[in-house]
Structure formats: structure tokens, C-alpha cells
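These are the structures in question, set out in turn.
Two complexes come next, and they have one chain in common, subunit A, joined by subunit B in the first and subunit C in the second.
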Partner chain A sequence: MHSDTRWPSLSPPGLTPSEVGFLCEMEHVTVIPRQTLDGLELLGGPTGALKPPFPTPLPLWLALLLKKQRRANITPPPWLSVEALTQILDFETDERTAELFSPSPDLPPSTTSAPLEGDPYLAHDSLELSAPFLKDTATARAQADALPYHWLEIGHLLITHAPDDFEDLDAVRKLLRDLREVRMSKLRKGFEVLDAGGGVKMNGVGGMEIAEVRGFVGGVVDGLRWVTD
Partner chain B sequence: MASYYCPTAILTDAQKAPTTFSLAVPALSHSPLNNNSGTPITPATTLDLPLWLAEMLAVSRPSGPASAPLATLDMPSALGPKVMNALTADATSVELRQQAQWFYGLGERMLELFEDEEMGAVLLNTFKKRALEIADKAQNTRTAQQGGDSGDFMSGLDETERQLFRAAHDGTHTVKRWFEATSRG
Partner chain C sequence: MAARLRGRPAHAPGPTYLSYTPNGKKLITVGVNGALRVFQHGSDNEPAIIDVLTDGHTAVASTNDFIVVGAEDGSVTKYSLLTNSMEEILVRCSLPVRDVSLSKDGEWVAVASDELEVKVVNTRDMTRIMHLRDQSRPVKHVSFDVSGSTLAVSCTDGIVYMYSLSSEQPQLIKRVDGLIKTLETDVEASAKVAWHPDGRAFAAPTATRARSDWQRQKAFSGGHRADISAAAWSPNGALLATAGVDKSLCIWETRSQRLLKSYDDVQNAILAIDWHPTDNVCSYTNNNGELFIREDFVPGEHAKHLRIALQPAPMNNDPLSEISGNARKQVGNGDKPNGVRRSAEDQYLDDLLGPDAMSEDEMDFIEDDDGAGYAEETNHVGKRTAVANGGRPAKRHAPFATWNPQVHEAFQPGSTPWRGDRRYLCLNMTGFVWTVNQDTHHTVTVEFHDRQEHRDFHFTDPYKYDKASLNEKGTLFSCRPSSQTQQRAVLYYRPHETWTTRTDWRTQLPAGEEVTSMSLSESCIVATTSKGYVRIYSLFGLPLKVYRQKSMPAVTCASWRDYVITVGNGSVGGDGTTRMLYTIDNIRRDELCQSEDVVALGEDTELRSVFFSDKGDPCIYDTEGVLLILLHWRTPGQAKWVPLLDTKTMDRLASGRKDETYWPVAVANNKFHCIILKGSDVYPHFPRPLLVDFDFKIPVSSFPAGAADDEDRDAAQQKNLEEQYVRASLQHSLASDLVDNTNATSAQKAEVPVMEREVDKALLQLLAAECREGEERGMKALEIAALMRDRTGKMLEAAGKIAARFQRDILGEKITQLAERRLVGLVDEEDM
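== the complex of A and B ==
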């Protein structure tokens, strides 16, 4: 599925949509086990042991696997409910937020201890955690009023592979689709202010959304750069 | 912009610009540069030479720094006032491909040689306006595949714009494929 076999243009820098989709499976979700299972020593760290009926956080890929084997159920994160998505959709479609995306979840306080003064490499800001390493963006403890970075991918995977864990599957599916449309059209509106040296304010945009427009936006900014010299 | 082997750069530089010789070059009268015509190349003969050659001639001063160069380079018609005016009036209706297959590349090379701020500004605006149109078209390929008046705009895109269209289309397409692939199994 990689595009590096196209010649003469080599694959451009940045993640492709399938890579973003792959990475989102590192996010943790809350799982309700149906069988006892020992904890696993994964490369990324140990997972807790599964003792029904206690909910346990697990990486999404493992959660999906267990779900397929009918060994666990997945709890949809709070933002993936009809109420939460409706509220976020209302925010997005409000005329007053035509230029913004709904805010992303609050970031945790930085975990570094002692930044060196004046050294950008070790400053607090440059060591901020980012998706998919932020805690609890898709577990049962996730913030309910914000779409995390991988909202689209995780939302899609959960409604596809754990449909029975949802109360109102059709409504959730429709809301996800509506949200995607609204946000995509906002993103495209932002194309109008692309400039060779400029940046576009995209706080709150999601991984898959960026992946979709990365090729085009990169091409436009490059072209503008060449003509401007 | 590109490496030595980059095909885009090679093809861009192969585009032609009018070059006026300032001295006679009889030895080249029968060369392909002169269309093998045999007409002698005298001072003030103007030929269409590829950019890489024209630039070399225009920049070289064989008799020392104070002397005149071997040839003078003029703006190719693709970047001439008629096209510039048409672009200022309605950027998306000009068939750039007819003017030059690597239109923006040509513009970039000429801007390197001539300081023409106005032309630079026109090219910038043109690029932006056409890029927006390309984004639009890439989104709606379902409804307007090859037909109607959208075909004119699409066939008038130069190479850079074609790649842009492909990038936009590929983005949406790959996302769609990911959704489909993960819906199975």
C-alpha cells in the first residue's frame, strides 16, 4: 500500500493514511474481559492481567484481537457516545467556529524534571508527549468533550469491530460521518490561505485528516516556495 | 529545486527561450539548433534555444568581465505580456500546458535570471488560484470524470499541477481504501 514505487516522484515525507491507521492501534482502550488471562510482556511495556469483570486498559490492536476471539468487550470512550459527539458536532457547525476545529483534549502537565535553560532540545515544550503516547485519550477515563488525535480511526475501528458494545450504533456512525464532513470542509477552506512561508492554524485537527491532505498541501507549499524563490 | 538527475529539472531546462546572438557563429549553421537550415548565424539572429544552453551563452563573457556576452536571452512567449494579462484576468481559464509543459519551472528559471517582481507576483497568484480549483476537482471526480467543461481546465494543467491533482486525489483515495480495508475481517 506504499506509494514509493511511483517514479519519478519518490514517496513524499510524512505518514500515509494507512500508516496513521496502523499507529492509532497503539492507543489504549478500556477492555472488559470475559475470561481470565495473564498479563503480557509487550515490547511497549507490560499489560495488566485480565480478571473478569474488572476493566483493564489495553492497546487497541490487542483489544480488537481479543474482541474477535470473543474473550473481551471494549468500552467505547466517553467522547464516542451520541451525547458527546452531538455536543462536539454542534460546536463544529456553529457559525462562530467556522475557522476553528473543536479543541483537542487537554495535555497533561509536562513530565520532564529539569530543563536546561536556553537549550531548546531539553526544554519542557520539546519533550511534550504526543499521540499515541498521551494517556487515556480513548480509555474509559478519556475527556468527553474533546476529539483526540486519532478520533476518526479509533471511532471507525470500534464501530466496525465492536458494534455490540455500543448503545446506538447507527447514530454514532452518522455522527462520525457528519463530523468528518464538517471538519474536512473547514480544512479545505484553509487551503485558501496557504502561503510559501506561512502556517495555517489547525489546532485540534486529527491524524487521518492531516494524512488525507498532506500530499496536496505539501505540494502547494512547495510550489509556492519555488515560485517565490 | 532538484538534483542533477531529476527528470523534472532536466525537462524543464529543455524548454526553449529566444536567444539573440551578438556574434556570428558560422560553424553552427547546420546544427539542429538552427533547424539544420544552413542559414548563417549572424549577429542579431534570434533562435529558440533550450534554457540550459541559452543561459550559458547569456552569462558567458569570453573576452573578459567587461565585454558583452555571447548572446542575450529574452523572455519566452509563454511568460510574455499577453499570457501575463490573461492570467491576471482569469487564472483558471488559461491553458498553461499549451504555453509550456513545465510552466512554473520555466517561470522559476526566468525569475532567477531576470528580476521581475510583477511576473513573480502574477505567477504566485495564478498558482494559488489554480491550486484551489485543483483541490475542488480532485474532490469531485465521481461526478465529473472526463466530461463537460471540467475537461478543459484539466487538460490545461502543467506538469506541476498534474502532480498536485494526483496528490490530492491520492490522499482521499488512500483514506477511503483504509476504511474499506479495515472494515473487512
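== the complex of A and C ==
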């Protein structure tokens, strides 16, 4: 149809940073409720009942809402602690690993090895989850030594909206900024080798980082392709 | 003593230290600012001031003519007391100096800094310097003994290193491990070794206060409740003055290790104490730049102790450790936790060889002037000193005669000791109660986790409540009796919600009776008292029952609904400590569930907390970090303690980087809720730390979680399944116990089949793993199939399917046979 042919040229391909920022609010974080609340039946699935002081995982958007109303505290995920961020930053700036981005969280053990048909207790779907869909990347159970896909967005949101839940806010803020700058410069260094057939290894790069450079990289590659053609 | 004790502001607020010259004429203080002060003894005039270039002074030591001052910039400077001016910089360290100590002749000064090595510098010729390099971590304190030939080095790794400096080359003669606590170099708490003036013994603040005698003496007289920050022997060794970071100051009698006096008017933590060499004056400096010179320090009736001649150190085998507050008494020749004592082997050798065989000249300095014959006792390095007068060998065996058992301290679960001017009275899943010491009164604050349900409150507390218990319905407080105001022990209950105007009540205990622990449940109030009574009240203050506890003295109690668990000291076990016994009582039905059963604790392990889980099962947490739950406790004689979680084997500690322990709060939602304590902390402090929860993990096998290759991962997975099976079985039996013995709700009843299915699920997964391994594992697979709890046959059917899938036909056949026999009732659980 008419509109179909025009739309792609109007909106940039892929997700924009604001869309990524919106999607990250679906990630679960751990909250410590300050008052009771029954479980809610949400589109994204039911949430657990809130009963102080038991920590409960909730979608980030709901957690931020409750935080704003002072009905809950948010426990920052383990990777958002000063020690963990320092460790990750060390990895990023270490000479030996200077080429790499710090690895993303470990994948859950593979589930497709031995499916057993017709067995109610051992049955499982053969869906293998990976980066944006991993569970528990921002709850209190998250892996401490790896930045998850949405690290930048979640870190930013938590620092802005739940500053009193951090032990050492300024240090965390500073580390996040350092990390972002270090990784951004690595990405930029990768673009120096961009040409029509070039590639950059982007393992471990977060969603927001991709969204931020997508416009530029896409433009450069397209332009190069146009020039070489 | 003056009417009101007034500190002399000696320095800018901050850590301040002092030293008396050996002749007692001058007192030197150093602090954070760039001046030293020299007070004349017995004069109220302004002190002389030595202006210096350094600031942030951290240590001082003095002789009659000069003083040696260490500073944070790493310099150790010598100042003359004759001209009140600087003489020379003795040594420079690259890191802050933490302590200096002068030998008695003033010849050598030992310098502890944040560097690894200890430097011993000659005060007259600074080019002569000895380096002591055996420590692995920075040193916090150094301390010369009276002869100046032995140097005790308290290292931050928790070991006291003993160096002999008698030869040109310093020699490490002993590592005393496990005596002091691992402290950072800049904390207020001290690990300094204080040598007894007779040179054979020393006192040191110890690591495990739970086992220490400070704690025990507190039971009689209220000694220190927190780490020791300073200690000093009186010049003749008859008395010991100690100060704690909890702002306490105590005088102890050396001979009997009795607390003579405890001062409660100390406002800031004392960092250094020194006795005047001759007078009844003791001075101390605190962390606020103030100097206090206490005249008539020792109260009149005890002042005679100061006038007597040099007293022997209390060496009768153990009083030494009793003073250093570190060891519990030993009866056998077992492994002695106290490094100061001689090993059993030594003792055996000595018995064989006679008194002189093991003597060493090194310790000849002892002046056995009163002929008391104490010289044949062991000295601090566990060696026999030279015997000048033949001695009395029989005395060696004195400990066997004077032995007395070690009794467990009473404690209130969920409370912490004073730290600074505040402490938690109660910390649980409902909220927390904390109190602030305002000298004349306390202020108590109660905060709730659920801010919608309850409103936080705060009140001024003239009674100085020292225990509290909090639950959804109300708060219970109790205070100690006071001899000054004739106040008796009081229980005070304050419900959160009322529909009449006022329902809180107070009740007084009979005179002389003190609450040792108490507990509040949804239906009753329990208090154990110092007279050995268990007093039970209704929530409206009606006394319901009073009975005497069978095992006394009481240790602690906890309650849940109508169930009350009381823990007391029972008979003495083989290791010289009492066994803890518990009794579980249903007060409504007046039934004993368990009577005087043993609280299963390992050797050298203490009880940290007792509480009921949210499902109403008693749980204990011990100092080894193991959480145990009581199984089958509703049937008399059937109870057993089952470990739920060994926090030392948790995955988060596997890397070895984390140094943390856990302070138990609750067992709820099938999780262990606790507070993480970093480093050597024993109790949580302010600001209130976050609650953390951990899943249960029964210590079935130890297998590292982060296994590298696939084979390891498979094995780890297997161990995981095994643990899951044991845990599910435990939870199943807890749930079915509950349903069998109480009027269970339908939700509780529904839980039993769920747990049963969990057990079978774990078994099925184990079975699948066995089938995958191969045909030869068939026997084990069949055993697993036979363990299935399900009686409908569905589970065995599933098991058969798994066997078929892996083409284990024989196994499949056997499972089908088993299922058929079960279906017709041929195989019962007893047959298997």
C-alpha cells in the first residue's frame, strides 16, 4: 500500500533510544515493599503479592511508580554496586582486555539437550533465551560481575528515581559515567575500520549503546555503499 | 573524686594519646593538632606546650628525659623533656605510624606503621635499626615487655608475634594465633598487648568475645559490651583498667579477675589509659581531644590494692587467659584454643623431665621477691621459666582443682550490644526497636517495615529499657532493677491497636529478680528471670503461669502462638562447658512437646539466635554460621536438629574474596533472612542495613558452583538434584507434621501433596540422570524409583517412560513390576 512504501524512509530503522528506554522498564527489579499490596494481573504476567519486608521482583515501571509514591524501596541489582562496577571498569580498561567489551551475563543452562516427550514433569519448551530476554538480570539475584543488556537505562533510571536506595550514590554515578565513556570510545574506535564490507565485534554491548550508534553507523555504511557503488 | 568529671581539652577534637613519664612527674598528651602538651603531675596549671611541625599524632611513649611521638605522616620524632624541644627525627615510615613503644631503659623504640615491617630504632643512634619482617599484614600495636627483651607485635591479621630482641638479630619466638581480633590499623578498638608488670603475663583484647571472659564477667558485674579500646595494668600489677569502645571504663582485680568498679560517666571512647606510677591517679584520653586525670581512681575501699608490692601475674594456669579474656577453661589435654598456654606435649615433657629441664635463661628477669614461688608457672610463650628457689611443682596441677564450668550467657534474640550511644533492642521481620542513650534517660524508637499497617512511634524512656520484643500486635519492653532508685524489674507491654483508650500495662517483678530474656507471641508473653522462673502472662498482663525452669541459668527463650521454647544451661559436658538444653511447651494445652532435650551445637560453637520460622518450627543459628531447624518436635523424644543452610558453604563466598558473616533475622517464605556483616563485625549497626535473603541449601555435599567443564557441571547438577531431594523430603515431613498435629488450614493441608510431588520430581530427575549414565546404573535407578512417594502410580508410570526413552528395557520392566505390586498393595513402605 501507499503508506507502506513511505514509512521506512521516515522513521529510522530499528529502535530509537527512547524506545529502548521504554522497553527496559519491562525488566524486573527487586523491591522492598513498605506496605502490603495484593498481586496484580498485568499484561506481562501476574506480579507477586507485596508483603513488607519481603523482597519481591516487580517490573521496573511499577517499581518506579511505587517508589515515587513512597510505597516501596528498590534494591539496586548486584552489578550496580561500587565493587562490581569497579571490577567491570577494571576489565574494560585493562590493557589485556582493552579490545573487548565486558561479557554479558551467563546464559542459563541449555534446555534442549534431552527433551522427554509426554512427560508432565520433565517437559519444557525448547526456547533458548538470550540477551534481551534473560530473566533476573536486574533483580537482586542478578549476576554481579556482568553488565546486562539494559544496564545503561536501568542504571540511569534507578539513580534518578531511587537515589536514596544507593549506599554510595556519587561513586555509582561516577562509575556508570566512566563505563559509558570507556565503552563508547571503544565503539567509536571500531568505526574507524568501517567500510562497506567491514564489521565490528559488538559482543556484550548494551541495548541503549546500540540504539545510540545505530543512526551513525547505518548512515556511514549506507553512504559508503553508495560511494562504492 | 570531683563532683562532676570535667575533661581537660588538650587537643583539637580527635584521637588523643597520653603517656606518664616513669617517674610520674609529667604527663604528655598528643593529638591531632600540631602541639604536644606536657602536664605537671599534681598541678592544675596550664600545661607546657611543645609546638611541633607534624600533626595527626598517633602514638607517644616517654622516658624521664625525652618522649617519642609517632605521627600520621610517618615520622617518629624524639623530643627532649628537659628543654621541651625537638631533638631529632628517629625514623621515617612511608605510611602512617600507628604505635610506638619504648623499652624500659629507653634505649630502643619499636615503631608500628601501616608498612608491613616493624622497625626497632635505637634512640641514641638512629642508624642502628632492626627490622621485624615476619608479619604478613600491617601492625597495629607494639609493646615491649618490662625487660625490653621481648616485643609483642599485634598484627592486623589477628596474630600476636613475639620477638626476642636480646640478640643482635631479632628472632621470632612465637606466633600467638587466635588471641586477638583482626582489626584494621585505624579503628578505635585495640589489640594492644599489655604486659603485666611482673613480665610473665600479658593481657590482650580478644577476638571472640562470645567466648571471652569480658563477656562472662559482665554477667556478674556489667563489664564491657563492646570491643576493648585500651587497657593498662596498675604499676604493681594488682589492678587492670580497661576501656571499651562502648564508653565503658572498668577496674579489675588481678588476683580474682573480679570487676571492682565500672565507671559509667565516660562520654567518648577512651583511646589510651595510663596509671600514675605511684599515686592513685589514672589518666585517659579519648577520641575527642580531651584528657581526663582521675584522682582517687580506685575507690577508697580498694585503694589498698595500689599500695601493695608488685603482684604476681595471675598465672595459675588459666587466670591469665581469664584476664586476657580469651579462653574457656579446659579440663582435658585437648586442643587448647588459647595460644598463650602451653601445648599438652610440653606439659607432658615437663612432667617427665622435672622442673628445671625446660628452663630458659631468657626469662630470668623475674624478680621472685615475695618468694611466692610463682616463677615455675608457664610464661607467655608457653615455656618454663627458670626456677630459682625450687618452687612448688604441685602447683602446676592446680587447674584441675580450681576448675569450674563455663556457663552460657543469657541473651535476647534479635538484640545487639551498645555501639556508640545506640543499640537495637529488637530487629525482626515486623520492624525494629532501637534506643539511644541520653545519659539521664533513653529514647526508644519503634519502626515498622509495613508503614501502612502500623505507625512508627518514639518515646522518652526514663526506665532505660534494655530488652524489647516486637510483633504484629504490640511491643514488649523490660528494664533492669536498679539498686539506687529502688526500681524493680518491669515488663511493659504496649499494643499497637486498641479500641479502648489505654491498654498498655506495666508489671513489676519481685524484688531482686531480673529478666534475662523474654519473648512476645500472638497469644502470650514469656519472660525467663534471674531466679530461674519462667513467667507467662497474657497479652493483657494477667499472669498465667509461673514455673521454675529445669535447666538453669536460663539462656534465652522464644515463642510462637502457644508454643514456648526455653533454653537453659544443663549439665556440664566433657569440654567444661554446660550443654544447652531446650524445652518446648504448649502453654494453652499445658503439654510438653520436648523436655530438656539437647540443643545440638558442635564443640566451640555458641548459640547465636533462637527463633520460630514463619510456619512455627523452632530454628537456631550458631556461631559457625549454620542454620538448623527442629524436625518432628511436636512428638516428645522425636525431635532432631536438621541443618537448613551452612552459610560458610554458600556460593557467594566461594570466590574467597568476600569476608562476611550473617546475622540471623528470620526464616520465612522458605528463605533465610539475615543481615550481612562485613569483616569482623558481630552485630549489625546503624544505619540499619538491608535484609538479605538466601535460599536453603542443605549441606549434603560440597561442590563448587562455577565448575568449568561439562563433566564437572553435570556432576554439580547431580549433587544439586540430590540436595533438592533431601530438602524437599525435609519440607514434606515438616508440612505433614504440622497437618498431623494441629488444626491445619486448608492451605496448609494442600501443601503436603505439593511437597510430595516436589520430592518425586527431584527423584524423577535423578532417575533420568542415572538412565543417561548407562545400563550399568540400573540398580541405583531402581532404588530411586522405589523411593517415590506417590501412591497413585502416576510417578512410577513417568519413571517407566523415562526408562523407555533411554531404552533401559530391563529397568523399565522392573519399574512396571514395582508399580503393579504397589497398586495391589504388596509392597509397603516398611518392606523397602
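Rule of thumb we're sticking to: the second predicted complex is superposed on the first by the 195 of 229 C-alpha atoms of A that agree within 3 Å, B and C clash if a C-alpha of one lies under 4 Å from a C-alpha of the other, contacts with A are read in each partner's own complex, and residues count from 1 in each chain.
Definition applied: a residue touches a chain if its C-beta (ideal position, glycine included) is under 8 Å from a C-beta of that chain, and two chains touch if they have at least 3 such contacts.
Please read all numbers here as calculations on a predicted model, not as lab measurements.
When the two structures are aligned on the shared chain, A:75 is found in touch with subunit C, with no touch to subunit B. Using the contact criterion defined above for the overlaid structures, shared-chain residue A:55 touches subunit C, although it does not reach subunit B. Ranking subunit B and subunit C by residues of subunit A touched puts B first. Within the superposed three-chain model, A:228 lies in touch with subunit B and out of touch with subunit C [touch as defined at top]. When the shared chain is aligned, no partner comes close enough to touch A:148: not subunit B, not subunit C. For the contact definition in use here, the subunit B contact set and the subunit C contact set of subunit A share no residue. Contact residues of subunit B toward subunit A in the complex are 1, 6-8, 104-105, 107-108, 111-112, 120, 123-124, 127-128, 131-132, 135, 138-139, 160, 163-164, 167-168, 170-172, 174-175, 177-179, 181-183. The part of subunit A that touches subunit B in the complex is made up of residues 1, 3, 8-9, 12, 16-18, 21, 156-157, 160, 188, 191-192, 194, 196, 208, 211-216, 218-220, 223-224, 226-229.
Residues 429, 448-453, 668-669, 690-693, 713, 717, 760-761, 764-765, 768, 772, 798, 801-802, 805 of subunit C are the ones that touch subunit A when the two sit in their complex.
The residues of subunit A lying in touch with subunit C in their complex are 32-36, 51-55, 71, 75, 109, 114, 116-122, 140.
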